[in-house]
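Okay, so here's the structure we're looking at.
Chains here go by letter, A, B, C and D, matching the order in which they are written, and residues are numbered from 1 within each.
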Amino acid sequence: MGNFHETLGINELKNKNAIWKALLAEFLANVLLNFFGCASCTHISGKPPSLVLIALTFGLVIFILAQTIEHVSGGHINPAVTAGMMATGNIGIVKGILYIIVQCLGALAGSAVLKALTPEDLHKSGLGNTQLAPGFSPIQGFGVEFFLGFVLILVICGVCDPNKPQAKPAATLAIGMAVAVGHLATVDFTGSSMNPARSFGSALIANNWTDHWVYWAGPILGGVAAALLYKHALAAPNLGPMR
Amino acid sequence: MGNFHETLGINELKNKNAIWKALLAEFLANVLLNFFGCASCTHISGKPPSLVLIALTFGLVIFILAQTIEHVSGGHINPAVTAGMMATGNIGIVKGILYIIVQCLGALAGSAVLKALTPEDLHKSGLGNTQLAPGFSPIQGFGVEFFLGFVLILVICGVCDPNKPQAKPAATLAIGMAVAVGHLATVDFTGSSMNPARSFGSALIANNWTDHWVYWAGPILGGVAAALLYKHALAAPNLGPMR
Amino acid sequence: MGNFHETLGINELKNKNAIWKALLAEFLANVLLNFFGCASCTHISGKPPSLVLIALTFGLVIFILAQTIEHVSGGHINPAVTAGMMATGNIGIVKGILYIIVQCLGALAGSAVLKALTPEDLHKSGLGNTQLAPGFSPIQGFGVEFFLGFVLILVICGVCDPNKPQAKPAATLAIGMAVAVGHLATVDFTGSSMNPARSFGSALIANNWTDHWVYWAGPILGGVAAALLYKHALAAPNLGPMR
Amino acid sequence: MGNFHETLGINELKNKNAIWKALLAEFLANVLLNFFGCASCTHISGKPPSLVLIALTFGLVIFILAQTIEHVSGGHINPAVTAGMMATGNIGIVKGILYIIVQCLGALAGSAVLKALTPEDLHKSGLGNTQLAPGFSPIQGFGVEFFLGFVLILVICGVCDPNKPQAKPAATLAIGMAVAVGHLATVDFTGSSMNPARSFGSALIANNWTDHWVYWAGPILGGVAAALLYKHALAAPNLGPMR
């Protein structure tokens, strides 16, 4: 039973206080991600604002939220990140699934609050709902979202590697800027979700589920691939127990 | 009397030299915030410049000012920050009120200097006065400004937590980028004040007080809510006295 | 034979595991550089996106990739960087040539994946192929690319100087921002390659080799000049063995 | 004689090797500042590029150059900075004047190289020459440039304070972002020089000296005011000799 319990991560859940705090932090961060991120996609003129504006919003909001809650929950704020951490054993399966559930609920709440706090004629633009651009097949969209999940989780592994303390001061900035890079390059292709919870929240509020599977399969499979590649081929050598 | 004096923070005021320096730093920072911030909203063509330009100006000016004066006054530069710190007992009530007064005076001086140093036909755009966009009710504007104050003070609490020394190197950058995120996402909704003193200074110079209460109630209540939530649910565990 | 072997850097190659990991890291980073960088030059409308968007993408992707793989390969991601390191003896000739080969293969793969994942009508804009702007002679283009290689490698030498530990926390950010500066200033002149592998990958995919020599000679000669100048005139004094 | 020699800073000049290296570093940095900065103002279409592009170029180039040469010369790259350091006794008068001379020569060389490396029809836009916008009186322009010098040198003093080691990791970034803030807010007012050498180099190449005094008096007086204010009212208390 020991090994099985370990994989599920039952022991992680014994500290009730810590798990509740972590779930609260993930929930709250996803509320703020969807509120501010989708507000950046929503412009009073009804026209979409500049892509640089959208990309900087999503990148910087991840930077500041990760820097703020990292000590409570690890600062995943994204089911693709949680899936990558589950694949490499950094988080147990039960705790990981709880994370993903509250991330989705938080994103939904953030999108709902945005809808409540904006006049109705702003809702037509979709409130940040992610869609494939005309001409992109679902497979191409999946490929783009795979690369987006891949680069984000590769960077997270590289800058949070416990044997690379020198990467720590700029770690959360690099993570946020990975989100910014993804948006700068591909927001015009797929909306550059990179994050199933963020897409789920906007899709439910906009009630538009076209090609929604792309935004789950792409980032999660890309993220798991990056996490496994990093762990087995790129991880820094152990600094030893005395560090 | 001891407890009552403690709440008011009378003892904080005994070091006259330190309190004067702190008030000077807060005053000066608010002068520069309103001068540069509102100059970014004021464009020679009379048309408003890009929202990215405005957001980067407000975000980066808070980063550089907080990094510069943080050792003198804590680098609040914002009554909503001071109110959050008062709610959690990080600053006494009397000192906090003095901070808020000089913040408002500094913002007023910064907006006045901007008016004096620009030709008259540039003043028509309002010199950075914050207003609700058409279609937004005051309650919606209040909600947006509540979230703006909430995210700013949540980030401040998270990155200045004395038990999170690892967050220190990028702390002021994260604070500035929280201001940038707020502007990127919602400057087209409410002007994204996030800061009652900043709005007070421009409102007095523009002599336009429409919905002005929104810019006091929103950021302050959001800031107090975030400070209390962080203190009671998210603060890092004590590192101990030997740190 | 000892000296000759040393120059070639044969000994560096003895740790087979380490060299394979380094080549994998350089390959992967150049895949992601060309995929995201050239995606930022490719816009669904067919019109080129804003120069700020392109510059931030290239600058930030170098920041995050260097921060992620720096411990594996040094994070060159660019034959001009590798050439500068070869000129100053920081990497052996054989290992350096292997780096340059995989960098070119990675860039090619990244551009190929971008082509596969985008609809055909987006390919007309050249998928990020670098070209001289009208009016620029090849010699002027060479001069611009020389300065681009010069500033990038000068910054790398300055922030990675082993005797300047204080520069470490912001080192990879400064390197990325050197790439951003080059693009902001001169992307409208030469496409601001700064990187022969990046130009090689797009040139092969676009099958357009006009003035291609400029993108090899410029950054490499500029990079070698900067590396030698830094080593002989600007390097920090030795901190001593006890550091 | 001792005191007089000290004020002039004759002793600083005894280490011939160090002073030559410092002058080389200041020269080189000003070459790169004017080359890249003014290239960002010069666009192939003949129209000026976006103000965000210009502001990010000047801000980021100062960040990367200061981070690169700071250990050689202190990384002034600007006569207003050198003047502020002279006013507070951080650099001797003779060395300071030598700095200012090579800064001007470097800026001139950078602007000259930009002219040589660009087609003639790009030169009409003035190659980055700073001018007052229509409607601004020279006194208003002086006031704006005074504030620009003031904020830059105030930030430099605040982040390089030897008794604030916690400010060190983000110090050069804050300095660069002070330059970015100045440009974002006021490049449309005065060209936001902030730097007499930068304006001198472009003015000589463009042979346009209208209101040129503004670009010397404004930043230098603002810089001296900020340096004196910081030293006497805001400097951090001494950490003691054991630090």
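Rule of thumb we're sticking to: contacts are C-beta pairs under 8 Å (C-beta built on N, C-alpha and C of every residue); 3 or more make two chains touch, one makes a residue touch a chain.
Bear in mind the structure is a predicted one, so any value in this text is a computation, not a measurement.
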item	value
Relative to chain A, chain with the most remote C-alpha centre	D
Geometric centre distance via CA averages, chain D-chain B, whole Å	29
Separation of mean Cα positions, chain C and chain B [Å, integer]	40
Per-residue multi-chain contacts in chain A, two or more chains	50, 52, 56, 169-170, 173
Interchain pairs in contact, sorted by label	A-B, A-C, B-D, C-D
Complex contact set, residues of chain D against chain B	50-52, 55, 59, 133-137, 140, 143-144, 147, 151, 154-155, 157-159, 161, 164, 166-167, 169-171, 173-174, 177-178, 180-182, 184-186, 188-189, 233-234, 236
Partner chain C, residues of chain D touching it in the complex	21, 24-25, 28, 32, 35-37, 39-40, 43-45, 49-50, 52-53, 56-57, 60-61, 63-65, 67-72, 113, 116-119, 121-122, 168-170, 172-173
